[in-house]
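You will see two complexes here that share chain A, one where it goes with chain B and one where it goes with chain C.
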Partner chain A sequence: MSKPKVAFYWCASCGGCEEAVVDLAEDILKVVGAVDIVFWPVALDFKREDVEAMADNSLAVAFINGAIRSSEQHEMVELLRRKAGLVVAFGSCAHLGGIPGLANTFRRADLIDEAYHKSLSVTDGNGTEPLEKTEVPEGTLTLPKLWDTVKTLDQVIKVDYYLPGCPPPVNLINGAIGSILKNELPPPGSVLAPDMALCEECERRATKPDKMAQREFLRPHQIKADPEKCLLAQGLLCLGPVTRKGCGAACVKGNMPCTGCMGPTSHVVDFGTKALTAMASLVDSNDDREIAAILDQIADPVGTFYRYSLPASLLHRSYQPEHAKGEK
Partner chain B sequence: MARKITIDPITRLEGHGKIDIFLNDQGNVDRAYFQVPESRGFERFAIGRPAEDMPQITSRICGVCPTAHHMAATRALDDLYKVDPPPAAKKVRELMYNIFFMEDHALHFFFLAGPDFVVGPQAPKAERNILGVLGKVGNEIGLKVIGMRKQWRELMNLVMGKAIHPVFGLPGGISRSITKEDLPRFIKTADESVEFGQFALKLFNDIVLKNPDYMHHITSDTYTHKTYYMGLVDKNNRINFYDGDLRVVGPDGKEYVKFGGRQYLDHMDEHVEPWSYIKFPYLKNIGWKGFEDGADSGIFAVAPLARLNAAESMGTPLAQENYEQYFKICGGKPVHFTLATSWARLIEMLYSAERMKELVADPDIINPDFRTIPTNTPSEGIGVVEAPRGTLIHHYRTDDNGIITKANLIVATQNNAARIAMSVDKAARGLISGGKVDDGILNMVEMAFRAYDPCHGCGTHALPGEMPLVVDIYDRDHNLVRQLRQD
Partner chain C sequence: MSDKDTNQKPFEPRIVAFFCNWCTYTAADLAGTARMTYAPNVRVIRVMCSGRLDPQFILTALRQGADGVLIGGCHPGDCHYQEGNYKALRRFTLLKRLLREMGIEDERVQLEWIAASEGDKVQKVINRITEDVRRLGPLHLEPEALDRATEALLPDQTPAVAEGGAL
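This part shows the complex of A and B:
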């Protein structure tokens, strides 16, 4: 029997998910032994046309990372969806939108304006900006159009499973590949990670007070954090209580707060709302003004609570311009 | 019959790129355009975010070189808050940075560009990849590369929290450091790294330098550009990736200017073309003269080739020996051969290994005093480091509360963008004639950009797209006449 065929593909992402696959180290040789990687553009020269030539459903699984924000990416993931029995949204960007999703608080025109017109180091721009079509002396050059809105993978195609994390932890990648090969998968739609809060696997768990009582919220540069004690108890906005475990509390081990890249557990609809209410509930006051003053110390609520999940949230777009409504 | 050849997307690099080659009636190249088709807009959505989040947010510009963005952002925060980190913090940062350099350079040599050298530029397409490299050099060497990389990544995870998207950089220092108990692992890895650096150079020597065909390509005019070169140097003009001043040498190799990172706007500007999302930095005082080489054109290069040209020495003994041999064999300084970048990269890898050894021997490296809490009111900060792919600048302005009001990022691959565009154009002109095009030739056009290890995720802070390579050949009426695939 031939080996199952597997594809890895990236959309709007940083390449960290690809690095995480390379970080399987010697285990990647086991993967190569067990499956045929038939498409992995960053490392192998197999092409889009090879995928197009495959029979529908002939790929066992397509691991797709990155958010979706151009028609080009949309076409590619639709193609992979047709060819693959299973699609796994790989990493925070495909899962929840990721950090590129923070762009959804702005319009595309704002992003272009800042980079090409208002940049401190563009002084001779003369209003030039990238165009979808440019006539040059030799002919016509084209660029893809970027969508106004950053989308999660499951907002454009059906997704079977999710591997969370920015990037997904190596042990979870190994586990997911193992369960697929052994056909021991949980119900479709599952997130392939433990369904419990990060605090549960945090080495500082014993120092977490039973009842938190927050008089102030601190920013990480304002204190030298005690490396043994619960960061939340030290006043730092650690999102461990509302974030799914599975990374081994890596950031906390680095003596910095969890920022929530693993996303919520299955009991939560909207990660940012959950995180915000969880933090607000810690405030140790019954006086409205005092509560407001304490919460005002949170400098950037959107960037803090929705850092990886704005496109997946109930607030995923503050304003939908007319021309963007037709975008899938 | 005039026609256009489109290579879209190009492969074995980070991010998405596209090459359009226009042929004239004789089948010779009129011009080849190197395009970067995406943009993400980090400069805009940084606004409103707390400055101390920048090392983590901007690391998502690139998951291949997250440590470079993390470090440039962290150094910009030192400058923003006008806080001088304790020596232990600076040394641990530099140590981790050199470990990152080795890991990244090794990835490029063995996984991305290496297949063109180790397996061969005209080898069957299916073999031009890491698996082909393992097939050629043997599994033992493959496991050695994988094992070394694993050790580096483990040390990065240990100190930086995560190797991919580190968390340890803060204004005035780092969030955690190295303990006495950790130190033996660092010492062991440093020793093995020096051996590994020498091993990689020997491999390059045996496979590439002893092959007259490869040397012919490396030194041919097709892959040569005479531009300015930029790189960070220390007070003695020795190479340094973490700290120093930017030194620029001319096409003649002589110093053109040297300036501190805070002065970058006096010396650098960016040109915009409508046909690419990447911007093209140039030396402001010389000016943008189009895609031209020479002393009258402001185009400059960064990354290993440029750094070795811009510095006067390596500063560590084994790397210095190799540096001298490199210039001797390449015919003196500066070296203008684009493909020599891969050799320069390996010399840098050895430098980082030796620097790692020096730093782990420094008693400060386990000094628990690794944080100074900032007390000044922030307003503006600039951080400059050398990313593996070249000079990287982060520049932030904030309000009194440290909330970003303006962010400017000049990223390594951006700095190289104009020279990469010229290299692709020149390679296409040199390699395609009389309409004769095949997969091997097109791969050799791609080698012209691959040498730079470009990262378009970084270069445009962009959304990397798909990677497959297909070449559609159209006649002048845009009818598809032929399709070539690398498959």
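This part shows the complex of A and C:
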């Protein structure tokens, strides 16, 4: 019997998810022994034409990382969806929109303006912007279109499973590949990680007070955190209470607060407002002005609470009334 | 897709109000029995306490077509459950900052303390938020509208992408 065929693909991503596959270390040899990797642009020289030539459904699984924000990414994931029996959204960006999803606080026009005109590193100042079509003597050159709104993978194609994390922890990748090979998968649509909050697996949990009362919210550079005590109780915005476990509390072990890359448990729709609720509830004051002053110490609520999940949030992106008008 | 998309009819704001059972809902009842009239734009949802109000409810209301959200709870010190309205206030304070950063105008989401005896305040507050939101115009957040907005900027795109499992 031939080995199952597997594809890895990246969309709007940083490359960290590709790195996570390499982090499988010797285990990658087991993976390579058990499957045929037929498409993996970061490592192997196969092209889009090669995927197009494959029969529909001939891939066992496509692991897709990165958010979707261009016409090219949209075409590629639709192509992979046709060719693959299973699609796994790999990592925070494909799962929830991830860091690139924070671009949803801007409009495309602003992004282009910043990148091609305003940024200090732009020096030639000849006003060039990327065009979708450019005529040259040899013919027409084309570029993909950048979308105005960054999307999660499941806002664009049907997704069968999700591997959370920024990037997904090695043990979860191994577990996912193992259960796919053994055909022991949970119900479709599942997130392939335990459905419990991170505090549950955190070694500092015993030091987390039952009732917390915070008058101060600190950023990591403002405090030399005690390496044993609960970080939240020390005033750092640790999102462990609302984040799915499965990473082994990697950041907390490094004395850094959890920023929520694993996303929410299945009980939560909108990670950001849930995290916001958890943090606001700690405030030790009943006076409106004092409450506001304490909460003002939290810089950038959107970037803090939706760091990995803005496109998957209930609002998806910042509200631009002119969009609403333009759409008529 | 919805009435607020038609250009001909004047815009009538749709406002979802979450009123706590013990104070504001009772006050709304009082306003009703006293035959006070107020703007018919508000759909009231009774919750046991303003502290029960998960901010996800507020965003869901906006996402599903509300142009504004009003939250009513007992005055500070009067909460039936002692602390619920303080919890609501803490969340609301941070939520407002988040919404501002997301471009949602302040007047669209309001919190008011209304005691059981203040039927007239229910009337006043509902009329005020209705006018505030009317001035701002409709909030186009329906999934379809969002995708149409994306599509409008992408004239050469094939069909609008489907909304995923985010809801």
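Convention: the second predicted complex is superposed on the first by the 312 of 328 C-alpha atoms of A that agree within 3 Å, B and C clash if a C-alpha of one lies under 4 Å from a C-alpha of the other, contacts with A are read in each partner's own complex, and residues count from 1 in each chain.
The rule is simple: contacts are C-beta pairs under 8 Å (C-beta built on N, C-alpha and C of every residue); 3 or more make two chains touch, one makes a residue touch a chain.
Treat the numbers as computed from the prediction; the structure is a model and nothing was measured.
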Subject >> Partner chain in contact with A:Lys151 - chain B first, chain C second, else both or neither >> reply: second
Original post:
Regarding the shared-chain residue A:Asp50, is it in contact with chain B (first), chain C (second), both, or neither?
Top reply: first
Original post:
More residues of chain A in touch with chain C or with chain B?
Top reply: B
**OP:** Considering only the touch criterion stated at the top, classify A:Asp195 as touching first (chain B), second (chain C), both, or neither.
**Re:** neither
**OP:** Identify the partner contact of A:Asp300: answer first if only chain B is touched, second if only chain C is, both if each is, neither if none is.
**Re:** both
**OP:** With the two complexes superposed on chain A, say which partner A:His221 touches: chain B (first), chain C (second), both, or neither.
**Re:** first
**OP:** Once the structures are superposed on A, label A:Ala20 by its partner contacts, choosing first (chain B), second (chain C), both or neither.
**Re:** first
**OP:** Tell me which partner A:Asp36 touches in the superposition: chain B (first), chain C (second), both or neither.
**Re:** neither
**OP:** Considering only the touch criterion stated at the top, classify A:Glu138 as touching first (chain B), second (chain C), both, or neither.
**Re:** first
Original post:
Can you pull the chain A residues that chain B and chain C both touch?
Top reply: 105, 108, 300, 302
Original post:
Can you name the residues of chain A that touch chain B in the complex?
Top reply: 9-20, 22-23, 25-26, 28-29, 32, 39, 41-51, 66-67, 69-70, 72-73, 76, 98-100, 102-103, 105-106, 108, 110-116, 119-125, 128-131, 134, 136-139, 141, 143-144, 146, 166-167, 219-225, 227, 250-251, 253-256, 259, 299-300, 302-303, 307
**OP:** Please name which positions on chain B make contact with chain A in the complex.
**Re:** 4, 9, 11-15, 20, 22, 30-31, 33, 35, 37-41, 43-45, 47-50, 52-53, 56-57, 59-64, 66, 77, 81, 107, 111-112, 125-126, 128-131, 143, 146-147, 149-150, 153, 157, 159-168, 170-172, 175-176, 264-265, 268-277, 279, 281, 284, 288, 371, 373-374, 395, 401-403, 406, 408, 410, 455, 457, 461, 463-470, 483, 485-487
**OP:** Enumerate the contact residues on chain A facing chain C in the complex.
**Re:** 71, 74, 105, 108, 132, 145, 147-149, 151-156, 159, 189, 268-270, 272-274, 276-277, 279-281, 283, 286, 288, 291-292, 295-296, 298, 300-302, 305, 311-321, 323-324, 326-328
Subject >> Sites on chain C touched by chain A in the complex >> reply: 5, 7, 54-56, 58-60, 62-63, 76, 86-87, 89-91, 93-95, 97-98, 101-104, 137-141, 145-146, 148-150, 152-154, 156-157, 161-167
